[in-house]
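Both of the next two complexes hold subunit A, though its partner changes from subunit B to subunit C.
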Partner chain A sequence: MTKVFQISLGVLAAIGGFVDIGDIVFNATAGATLGYQLIWAIVVGAVGIMVYSEMCGRVACVAKRPVFDVVRERLGYKVGLTTLLASQFVNAMTCAAEVGGVAIVLRYLFGLPYRPLIAVALLILLLSVWFLPFEWIERVFGFGGLLLIVFAVAAVKLDPNMSALEHGLIPHIDTPSPLIWCYFAVGVLGAAFMPYEVYFYSSGGVEDGWVPPHDLKLNKLTAIAGYGLGAVLSISIMVVAAELFVPQGIEPGFLGTVALAAQTPLGEAGLLLALLGMFFAISGAAIDTSLAGAYNMAQFFGWEWGKYRKPGGAPRFTLTWVAFFGLSFLVVISGVDPIFVTELSVVFSVVALPLTYVPILLVAGDSNYMGRHANGRLASTLGWLYLVVIVVISLAAVPLLVLTNMGEG
Partner chain B sequence: MTQYRFSKDSESLQSLATEGSLLADGVVRGRTTSAFVRTHAQELASDTEKLASVVDSTHPEDGLASKTKQLASLARKAAAQLSALADHPSDASGAARIRSALSDAADAAEKLQKSA
Partner chain C sequence: MSEQPQLDLVLRLLDQQIVDWAGRRCGNVDDVAIEGEPGGSATVKGLLVGRDVTRRRRPRLLAFFAGPTFGDAPEVEVPWSAIEDITQVVKLKQDATELGLAAGDDRVARWLKRIPGS
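This part shows the complex of A and B:
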């Protein structure tokens, strides 16, 4: 049981990247639009984020340097500041969308009006982060989010077309609109690399007090198991959407549409499990982004930071994550559609991806920092290979967004 | 209203009506919760009303005038059915009628889309 709890950091970080509000709807839309054609993109994205999370977890464990510490040192103040501004913008947009998402799920569960529920969502998140120790935040929201495994059960119950699913593991374009295919492929890949996942993951490694050599194995296991589970959840959502929505011509535009996909084969229990899973996953993503925002600021400007300190022991850090939630509340209460915001943030975040991932790759491969724990041949090869993927998707994201009218054609 | 836009709007209506019919089906079979049905039916009704207003306010290309009117009227009727589902989220017999009406609306929207 202890071993299961130890990987909770990876589970929570992965849930933020694979099944937050935007990903849930985006994956369902990709499945409803293209069937199984983009299963490969989830797998490729999952392996990529495993490679980079393992690297930044290793750097945090060996050199005690979380990602933004490394970004500032390797990129210098000016480029580092640009990276900070870009990532904080994406963190703030995503956090706002997640807070709105929590309120939407509460509305599905209790049928109460939306706006008061935004305040309830904010209160739940603030109290959770204020009072729960870091390891309990990981456990409650990480493992709670795993209730989304109900989509895997729903997928099995729907008796999916296995040969189409296997074919989906190989990139192929079977649609009259290749640009739409490219838009969704870039979106699915980009979502896997959302920068706040590595900010949260590496800072979490420091919060959890990882020390070499024992915790290097734990880091590897956490990255592989956590993101592996995230990928399974993503694939399950894509599969149920392909099975249920493609034949009926349904275009998922709401979280409720995705929940309906669990209800149809599994009844009320499926619906409730899906909604509870969404509640924990989206809340977890909100906490990921607000803490990632505070970690970034504190690490860049050299403040005291860490959830392991009492709020008064790291006042600027505490004030920053509280401010992230406060700002999110103001954005969502203004009436902005959370799903629209998060889909935009996925696409815009990919523009900032190289600035986040290049410093990780450089430091993880530097034996002056890492000694005998520097990247080996496999990590180095995969790291450079995925950097090419990251650069390609970061260049393609905005043009595809415009050319496809956000995937609507 | 261009041919392309008309086809896309018909597709959207078909999607919304089919989803509404699936939601109503859950009520008929007792496989859902009233809170979920009320909330999601309101969301679908709101989007369908918006679609009806947008279609209504466009200037159709030659040959599309009558079909555009039909589409707007169909969307308004579907929105009314979805609102009724939101108002009575646990009424199984009412939901059965709504399921059938929304299913017909989805079929009609599909026919309109194919005729464009």
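This part shows the complex of A and C:
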């Protein structure tokens, strides 16, 4: 059991990164629009984020340097500050979307009006982060989000077309609108690399007090198991959407539509588990993003930080994550659609991706820093290969957003 | 001292995290103060920390975003003699407050103290 708890950081980072409000709707929409054609993108994205999370976890373990520490040092103050602003903008947008998402799920669960539930969602999140120690945040929201496994069960029960699923592992375009295909492919890949995942993961590694050599193995296991689970959940949602929505021509534009996909094969219990899983996963993502925002600020400006101490022990860090939640509340209460915000944030985050991932790659490969734990040939090759992928999706994201009218065609 | 080690020293110091004797994070090295005449030898006088120090390093357009200090001194010089060790961080011999560092954290901590569970 202890070993299961030890990987909870990876589970929370992956659940928050792979199955947050935007991913749930985005993957379901991709499945409903293109069937199994983008399964490969989830797999490619999952391997990529495993590679980079393992690297930044290793840097956190060996050099005790979280990502934004490394960003400022490697990119310098000027570019580092630009990266900070870009990433904080994306964190804030994502956090707002997640707070709205928690309120939407609460509305489905309790049938109460949406706006007061935004305040309830805010309160739940604030109290959780204020009072729960870091490891309990990881456990409650990481493992609670695993209730989304109900989608994997639903996918199996729907008896999916296995040959089509296998064919989906190979990139192929089978649609009259290749641009739409590209838009969703970039979106699915970009969602896997959302920068807040590595900010949270690397800082969490420092919070969990990782030390080599024991925790280097734990880091590897955490990255692979956590993001592997996230990828399985994402694929399950895509499969369920492809099986249920494609034949009926349904566009799952709402969280509730996606949750209903679990009800069709599994009854009301499936729906309830899907909604509870969404509640924990989306809350976890909200916490990931708010803490990531606070980690970034504190690390860039050199403030005390960490959830391993009480809120008063890291005052400006605490003030920043509280401010992230507060700002999110104001954005969502103004009436903005959380799903629209999160889709935008996925696309805009890919613009900031290279600035986040280049310093990680450079430091993880620097033997002055990492000694014998610097990147080996495999990590280095995969790292550079994925950097090319990251740059390509970064360049393609905004033009595709405009050309496809956000995937609407 | 040869030229090379001095250059390495600066590269290793700039932008590094500073922690005080108790392990409290209390700033980053925003610049290094060096004294000496042109043509003569130069010595490191101390480390410079603060918003005003970063002014010449940051883009003018982003200046507004670079100053959420919450009460930190705009510029603090940490004397070289106050440094205990340089590893992955710059470790100080003294308390951060004594050196005028992390005043912003101290100020915010006074507000947070009023909230239960802080």
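One rule holds in what follows: the second predicted complex is superposed on the first by the 409 of 409 C-alpha atoms of A that agree within 3 Å, B and C clash if a C-alpha of one lies under 4 Å from a C-alpha of the other, contacts with A are read in each partner's own complex, and residues count from 1 in each chain.
Going forward, a residue touches a chain if its C-beta (ideal position, glycine included) is under 8 Å from a C-beta of that chain, and two chains touch if they have at least 3 such contacts.
Computed from a predicted model, the values in this text were never measured in an experiment.
J.: Which partner does A:310 reach: the first (subunit B), the second (subunit C), both, or neither?
T.: The answer is second: A:310 touches subunit C but not subunit B.
J.: Who does A:107 touch here: subunit B (first), subunit C (second), both, or neither?
T.: first
J.: Under the stated touch criterion, which partner chain does A:136 make contact with: subunit B (first), subunit C (second), both, or neither?
T.: neither
J.: Is A:271 in contact with subunit B, with subunit C, with both, or with neither (first, second, both, neither)?
T.: After superposing on A, A:271 lies in contact with subunit B but is clear of subunit C.
J.: Who does A:384 touch here: subunit B (first), subunit C (second), both, or neither?
T.: neither
J.: Would you check which partner chain A:64 touches, where first means subunit B only, second means subunit C only, and both and neither mean what they say?
T.: It touches subunit C, and subunit B stays clear.
J.: Looking at the overlay, what does A:78 touch: subunit B (first), subunit C (second), both, or neither?
T.: After superposing on A, A:78 lies in contact with subunit C but is clear of subunit B.
J.: Hey, which residues of subunit C end up touching subunit A in the complex?
T.: 14-18, 24-28, 30, 49, 54, 57-59, 62, 65-66, 68, 70, 88-89, 102, 104-109, 111-113, 115, 117-118
J.: Across the complex, what residues on subunit A touch subunit B?
T.: Residues 107-111, 248-251, 253-254, 256-257, 259-260, 263-264, 267-268, 271-272, 275, 408-409 of subunit A touch subunit B in their complex.
J.: Where on subunit A is subunit C touching in the complex?
T.: Per the stated touch rule, the residues are 63-65, 69, 72-73, 76-78, 80-82, 84-85, 130-131, 297-305, 310-312, 314-316, 318-319.
J.: What part of subunit B is in contact with subunit A in the complex they form?
T.: Subunit B reaches subunit A through residues 8, 11-12, 14-15, 18-19, 22-23, 26, 29-36, 38-40, 43-44, 47, 106, 110.
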